[in-house]
Every structure is written in structure tokens, then in C-alpha cells.
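Sharing a structure, written as C-alpha cells. Questions coming.
Lettered A, B, C and D in written order, each chain numbered from 1.
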């Protein structure tokens, strides 16, 4: 089964949340599993969208128990390793979609590019060689589908 | 959703494998998610049993990619952190079942007891206070069910 | 340079503390670096003894900053990964000395034996094949010295 | 004692190596402990410089044993957790100096800025808000000294 990572800010605008939600719906539509950090904002929007379409969502959590997971995480993985859990999200994904995001997201993008994983970017850190930038959630899903198909 | 961890040796006898398989079937029968280290032996037997009953299996892998996962892992989580991934298996589980096992399993039992997680033991490290010992796979499942119900 | 790990309870009796301190003195006397979890009890006793003899002490800490280190840690390594940091203590040591200890210490002993590292045991988990048991701190140091020499 | 992190590429030009070496000398001159990833390139240059001035160098290694450490690492910490060890370097440092570097270094810069640690940058990822950029190794050390003094 394919695994698609969604990385982005833990708090976000409603607009970004809806984009993440649409991406989550798209991931479920591809019959792929969504992997993320399991918290709020972009992560929650994406999990919510995936769950709305019957998809499975994996939340790789930084803290000590699953209570911090957003309500749309199907499978909480509790790491108790803080930001080091970012690497697990990247390693577990076939392809990643970055939606907005701050320094935590940038650390995930960096590791993804270091590991030569494809990264699709929407409203996120700009001008990074290696990211395939898109303008809409639908275009993000087309790029993801292309990556998954060619693998 | 409930998460049940299965810990045990990466290579095992056919007898132990079948016990693990039966436990996996039981976990799926409880509609719980099976969490394990994702490799062979007891982990494979349990994943196989769970998958036979339509259950979801999470394999928290020690290495750098998912190719090491046994064929019955639904959701591979790639950690690249070796034995340190043992702690994630424990933290992610509501209750753990130890089936046979060597020092790696003992490290998982230790962390589980340290974190006051319930541990059911079948043909494993003996005379450890804190483990609820059982004689059969069916008894293991009864003990697990009791723990999940009382939570 | 040789690295000697000291593992044991975070709180302990004065008697155990003094044994750990004597072991710390012995490690510094061997010109080895002491590695431990950096907290109180056995860890503090050992660091204190080592520092009294001019030795270097490394504390591999579970939390988010170095404030939790005991006052005798020369080099605090901040992991923010909780019990998973136990594996780093084991991997970084040429030989380990277990002094008393509970389940956390048992997890460290397990990983050490899994990795075939020599373990010297003093007033700790008994009857474990693979541990070389001793009766006094001085005997512990003799055993450690023998292991370091033969490597 | 103060801990200064040095992050940068594992392979580098001679020019960058010499800058890292000078920075290592400066860190030892401040009586601070140098923390790095323990491998080659910038990490080796910095460790070499520090050791030339009698400083202590900590190498937080990604692999399974200390054989991968550069010859100027005084204290090898063996993590077996790959890129996730980057977070430990950042957490263990009071201030970080980034010298050149690729995506691995960018992941460390990101986590440092996320954790609000001061970062001094020399010939590294440019135009990042939060990095204090300098032109020479000597200016890097002045910036580091200022950060250490004001804390």
C-alpha cells in the first residue's frame, strides 16, 4: 500500500485547513494511507478529509500518549521523542506534501530532500530546489498520483 | 480504537508461530489494531493471523525502509532507530502480549512494566512480577479483553 | 578512550549511592569516560565519584534540557526522547556496570546483552545469564578493567 | 560548562575545512565543549581545531558504533538513529554555528530556530530569518561569545 505524508503547520488559517482537507480526501481517493504528525492545523485538516472518504490516517505523535492526537487520527503512534519523530514521518512516506508550515515543516522538507523523497509544495517554503510547487490542492494530488504511479 | 502490542522473537518454532497467529486472529476479532516490530517470527505470525480476520497491523520497523516488513504488515512505520523503536511499540499499545522472546523482548517487557502498561505473557520470560501469565493463546486473548474492557 | 556505562536506579539508599560513588572513582582511575543517564541516585553517585578523581562524566538525559542533570555531569547530552535514550547509553559504552535498579535498568541490561556488551552486576537483577555478578564496588572495577584490557 | 554546536557538510573544500578548524580552535579558546555529528568535513575540521587547543569534542554519531567518528572526537555518543540524531546535537547546544552544509544541515538549522536557539551562519543556507550571518571564522566566534555571555 502507498503511504503519503502530509506536513505543515500545527495551527493554520481556515483557508489552509480546507486545502489540507481536500488533500486528505484526495489521498483516501487514491487508496493510499495518510501519514502525518497527528496534531492540529494542517495535520488535522488532512486527517479529517481522509477520514471523510474512508481512508486510514496514521499520526506519528511527539508526546507521551495519544491524547494529543487530533480526532481524525485512526492509528496513533506514540513516540515520546519530540521533533525527532519528524524523521519517522518522512521515512514512512513514499511522497510528501508540504502545506504552509514553519521551521518544523522545513526540517521535514530538508530530511525528505536529503533522502531523495519527492516533495510537493503548496503555499509553503519557497524557492527550494527539489520541491515540486503547485497552486491548488487538486494539482497537489495530480503530482502525488504521478509520483506514486512512476514508482 | 484499541491498540494491542505483540512482542516476541524474530525467529521462532512453528508451534510458537501458530500461537502468535491465533493471538493475531483474536486481536482482529476484538476490532483492535495490532502493533508490533514488523519483522518475522512471532511478529509475522501475529500479523498473519490478524490479516486473516481483516484486522489492521502496524509494524514499527527498526531499519531504513519498509522492505524488511513481513508480508502481513498493513502499515509499516519506518524508524531507522534500531532497538530504540521498541519503546514506540510499548508506548503505542494499550496492552501487550509477550510470546516467547529473547533480550529484545525483555527490553520491551521492562519498559512496559516501567510505564505500568498491562503485559500478558505466554511461553516468555518467567517469574516477572507484573506479567499476567497464561497457558494458551485463547487465555491470552481473554486476559487482553479483560484489560481493554476495564480501561 | 574507553567508555564505561553505569546504569541503576534514579533514587537509591545511601549504601548503594556510596557503592556507585566508589565505582565512579574507579572509572576515573582507569582514565575511562563515565557514561550514564545523568539523573539522580546511582547515576549521581557514580558521576560524583568520577568527578572527585578528575574524570569526565557524560549524562545522556531523557528530557528537553540540561537542568535535570545531576551536578556532577560534565557533559550533558540532551535527547528529549525519554526511555529511548537508554539505548544510546548502552551503545556508547564498552562495558556496563549495573548497580541495583528497576525496570528501566533491566531494559538497559537487556539491550546490552542483546548487543553482546559485557555487563557487570552489583546488587541488581539476579540470575540473568550474561551478567558477571560481583559483591563489591572494588570487584566491579576489577571485572571492568579485565574487560577493557582484553578488548 | 557551555556547549557550542558546529553543523555543516560531511565533505567540504579545504577552505571550508580550515574555517571549521579555526572555529574549533575558537570554541576551545572559550573553554566551551564542542558538539557535532562526529563525522568528516566540517565536523572533522572543527573537532581537529578544538583538540589542537586542548578542547573537548563530543560527536553524536548516526550509526551503530564509534568507528565512524573522525579521529578528533574525544567523546563519541553512539545513537544508531540516523538523521534523528540531528535533533540531539541541537538540543545539547547553547548556540550553533552552521558552516556550509546541505539538507542535513538545513534540518538542524530549522530545529534550532524552532527551539529558539541562536544560530550563527558562515557560507551556509542564506536569507534565513533568525540566522546571524558572519563573513569570517573570527566573526563567528565573536558572535558566539556574545551569545554565551548574554545568557
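The definition used in the following text is that a contact is a pair of C-beta atoms (placed from the backbone, for glycine too) under 8 Å apart; a residue touches a chain by one contact, two chains touch by 3 or more.
Bear in mind the structure is a predicted one, so any value in this text is a computation, not a measurement.
Novice: Higher C-beta contact count, B-D or A-D?
Specialist: When A-D is set beside B-D, the one with more contacts is A-D.
Novice: Measuring centre to centre, with centres taken as mean CA positions, what chain is farthest from subunit C?
Specialist: Of all chains, A has its centre farthest from that of subunit C.
Novice: Between subunit A and subunit B, what is the separation of their C-alpha centroids in Å?
Specialist: Averaging C-alpha atoms per chain gives centres 28 Å apart.
Novice: Could you put a whole-Å number on the gap between the CA centroids of subunit A and subunit D?
Specialist: 30
Novice: Suppose each chain is reduced to the average of its Cα coordinates; what separation in Å results between subunit B and subunit D?
Specialist: The mean C-alpha positions of subunit B and subunit D differ by 40 Å.
Novice: Of all the residues in subunit B, which ones touch at least 2 other chains?
Specialist: In subunit B, residues 64, 80-84, 87-88 touch at least two other chains, as defined above.
Novice: In their shared complex, at which residues does subunit D touch subunit C?
Specialist: Contacts found on subunit D: 1, 3, 33, 56, 58, 60, 64-66, 74-81, 87-88, 91-92.
Novice: Can you tell me which positions in subunit D touch subunit B when the two form their complex?
Specialist: 64, 80-84
Novice: Across the complex, what residues on subunit A touch subunit D?
Specialist: Residues 81-84, 87-88, 102-104, 106-107, 110-111, 113-115.
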